[in-house]
Amino acid sequence: MAWTRDQMCERAALELEDGFYVNLGIGMPTLVANYIPESMTVTFQSENGMLGMGPFPLDNEVDADLINAGKQTITELPESVYFDSATSFAMIRGGHIDLSILGALQVAQNGDLANWMIPGKMVKGMGGAMDLVAGVRRVIVLMDHNAKDGSPKLLKECDLPLTGAGVVNTVITDLGLFEVKGGQLYLSELAPNTSLDEIRDRTEAEFIQ
Amino acid sequence: MAWTRDQMCERAALELEDGFYVNLGIGMPTLVANYIPESMTVTFQSENGMLGMGPFPLDNEVDADLINAGKQTITELPESVYFDSATSFAMIRGGHIDLSILGALQVAQNGDLANWMIPGKMVKGMGGAMDLVAGVRRVIVLMDHNAKDGSPKLLKECDLPLTGAGVVNTVITDLGLFEVKGGQLYLSELAPNTSLDEIRDRTEAEFIQ
Amino acid sequence: MSESKKVFSDAKSALDGLLSDGMTILAGGFGLCGIPEHMIVAIRESGVQNLTVASNNCGIDDFGLGLLLQTKQIKKMISSYVGENKLFEEQFLNGDLELEFNPQGTLAERCRAGGAGIPAFYTKTGVGTVISDGKETRDFDGETYLMERALTGDLAIVTAWKGDKAGNLVFRKTARNFNAPMATAGKVCVVEVEQLVEVGEIEPDQIHLPGIYVDRVFEGQSFEKRIERRTIRET
Amino acid sequence: MSESKKVFSDAKSALDGLLSDGMTILAGGFGLCGIPEHMIVAIRESGVQNLTVASNNCGIDDFGLGLLLQTKQIKKMISSYVGENKLFEEQFLNGDLELEFNPQGTLAERCRAGGAGIPAFYTKTGVGTVISDGKETRDFDGETYLMERALTGDLAIVTAWKGDKAGNLVFRKTARNFNAPMATAGKVCVVEVEQLVEVGEIEPDQIHLPGIYVDRVFEGQSFEKRIERRTIRET
């Protein structure tokens, strides 16, 4: 067994720095928040209009006016700030968010990202993902190394519609950590109990070790 | 004697309608506020970031944080709202202000306006005037019919740098009220004790009676 | 003083004379949070047809804008997210509903531009994706950007927490979302508020949207404020 | 928690390491209202040269940015209004000072765009005037617009009424003006506040500018807040 989902999130959390403003995507990325050291101040942005996102509410704290970008009920913190959608995306698109961590359907070796639709099958929409990957200073993808049917998700080229071209900086999967530099993919870390052969077998993308 | 300055302002005030949002320029236009009927609600915008401008303060009400676009100390009203400069000009440029009344150095018969500089002599700057004339729904110029040296201010063409091209809708001078329609100037009202001959004598612009 | 000219008694009277077939409506809200729920019902009851609706989402099957999908009053949506609305996805895949996907930030900025007299602007969002199809790209300082056009609507329907009789608005928490930028981009803007107060009751420094953008306002009775994903922690 | 990393003791320490000859500074304020008066003095004392300063005005002869004109530290101003500043007018007419006139709304919008990742936008303001010289014009829906570029600065110096230790700001009355948009457009943004408070003391719905835009903050001692045109009524 390589990295578990928890370990992937823990690894992703190591990329955070004190004082960072971070946007976490829906799903697994949300869990990264659980691995921030107490000594560190990280402020989470929710693109529907909030900085300083708190944990989920207790049953008696639920407030219909207070949700995250995944439409889940959440809470505020002492440092929270609310703003409108235009202001929120001015912040995102203007490069003020240090880091975005999000999921993916496919990532190409040049940093192309696909995570918003499967033509004829799944039409979720891009939501704020296209804005995030275009505007945020650094983009980390957190995803399973392979799809449920075993097919590779790290590809030579994405065949699904792109969310952004050449936008991914780092990919963390259950098998390792990759970085995209100068349009090329580098394997920087191998998860424990994972061999280079295994990762080669399960990856379509060309990567430099 | 034609219209006095007070009468010019009074005449300009007749162009206001209940519910209007209005921006008044520095100088004589400011006085138009004194002629609004009690029964009418008119809200004044100050482009430095306020809607609902009140009168000048009493001596003990002066607040350095509360000034108008002419940098004079003012007061707030129950309906006042404050906002930043980008928001203020989004409002102006987005066509949300019903009417702007401002002064002029020159107006051309096609509605061109010059009121921000005399090359080599006076360099005040355009402030918000270029934004106002480009964005506000209707622009009224309130000015003396002639300059202090007697030269006409209503011209065939402005020779001073323009504030806006074809932006003036109405001109009120001490001699009468003009309207610009389809790029032509129309004399709509003659001030009392003013003859058509006198106004022709003192005007360079061609106008239709 | 006559600022109460803007005040109406309910959704139906506030929308009176403003609805017509084929019009474009900008609808505030994100998911079910901060949606103009009373006006959506009134629009359904009006029977107006062939609407183009710009809204980040399209409600859920039986609440919010989903109600107008049920009755097929919507011809086209401009949205960033279909999400879990089955009817939306189904009508789109069937070809019954046109759908113009806008990235969420592009949708918000297009409305902000529409209200601010900016006919077009450039953004990096969507470069190299299907969003750029048919749009101009242009390089500034070595980076490629897309040109996006402003969006305006015949009518903006928005919701606020508190509003005074001059239309000055205060929003609450994340219910602010698209309500503010969309309010500025409607040729006419109608607002439903949870609390209608007298002019002067809101601090001038704490107003989120000045009343100049608001043409009509009414106090909604009993907001349902349905929650799409109630998520709680145990301790 | 470590949000006090942003807090400095005074203007000099807050600007330490940030000033260099030839840099571009965005300075908030309108006239003398809401200007970062302590930082202007500290910049004067630092002796930094050849500054390009974007500010709606340039203070008066002996206060505000006028202090940096006196010492000829400013090479170029980007402003909408010279107004009654004699030194400004004189240095400009002599050719000692470059001056780029921006319409006030264009200056504000250029900063807003600079902070929002918009490299360029279109506006009607200035079409057919000297402001359009050398700029592209383009027609949209039958009307002519100018293309204006975003403005950013190496440093934004702004002032606020209240700020917390995370840099969340509240402005007061018309002192808000350019302070908010300029804060978003500086590569680094330093803020002087009248009152520095603890995180949590400002309501999340009442913050005018989120701390994400603020790198350093300090509480200014004894703001002079000079008034340019004290105008009063008798009764």
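Note that the chains take the letters A, B, C and D in the order they are written out, and that residue 1 is the start of every chain.
To be clear about the criterion, a contact is a pair of C-beta atoms (placed from the backbone, for glycine too) under 8 Å apart; a residue touches a chain by one contact, two chains touch by 3 or more.
Source: prediction; values computed, not measured.
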Between A-C and A-D, the pair joined by more C-beta contacts: A-C
Separation of mean Cα positions, subunit D and subunit A [Å, integer]: 35
Euclidean distance of C-alpha centroids - subunit A vs subunit C, Å: 28
CA centroid of subunit A to CA centroid of subunit B, Å: 54
Chain centre separation (subunit C, subunit D; CA means) in Å: 33
Two or more partner chains touched - positions in subunit C: 109, 112, 116-118, 123-124, 171-173, 204-205, 208
Contacts with two or more other chains, residues of subunit B listed in rising order: 76, 82-83, 89-90, 92-93, 134-135
All pairs of touching chains, each written as two labels joined by a dash: A-C, A-D, B-C, B-D, C-D
Of all residues in subunit C, those that touch subunit B in their complex: 1-3, 5, 112, 114-118, 164, 166, 168, 184, 199-200, 204-205, 207, 210-213
Complex contact set, residues of subunit B against subunit D: 46-50, 55-59, 61-68, 70-74, 76, 82-86, 88-90, 92-93, 112, 120, 123-131, 134-135, 161-166
Subunit C - residues contacting subunit D, complex: 109, 113, 116-124, 140-141, 143, 145, 149, 170-173, 204-206, 208
Residues of subunit C touching subunit A in the complex: 30-34, 56, 79-83, 89, 92-93, 99, 101, 103-109, 111-112, 123-131, 161, 171-181, 208, 225-233, 235
Parts of subunit B lying in touch with subunit C, wherever the complex brings them together: 18-19, 21, 39-41, 43, 45, 51-52, 76, 78-83, 89-97, 134-135
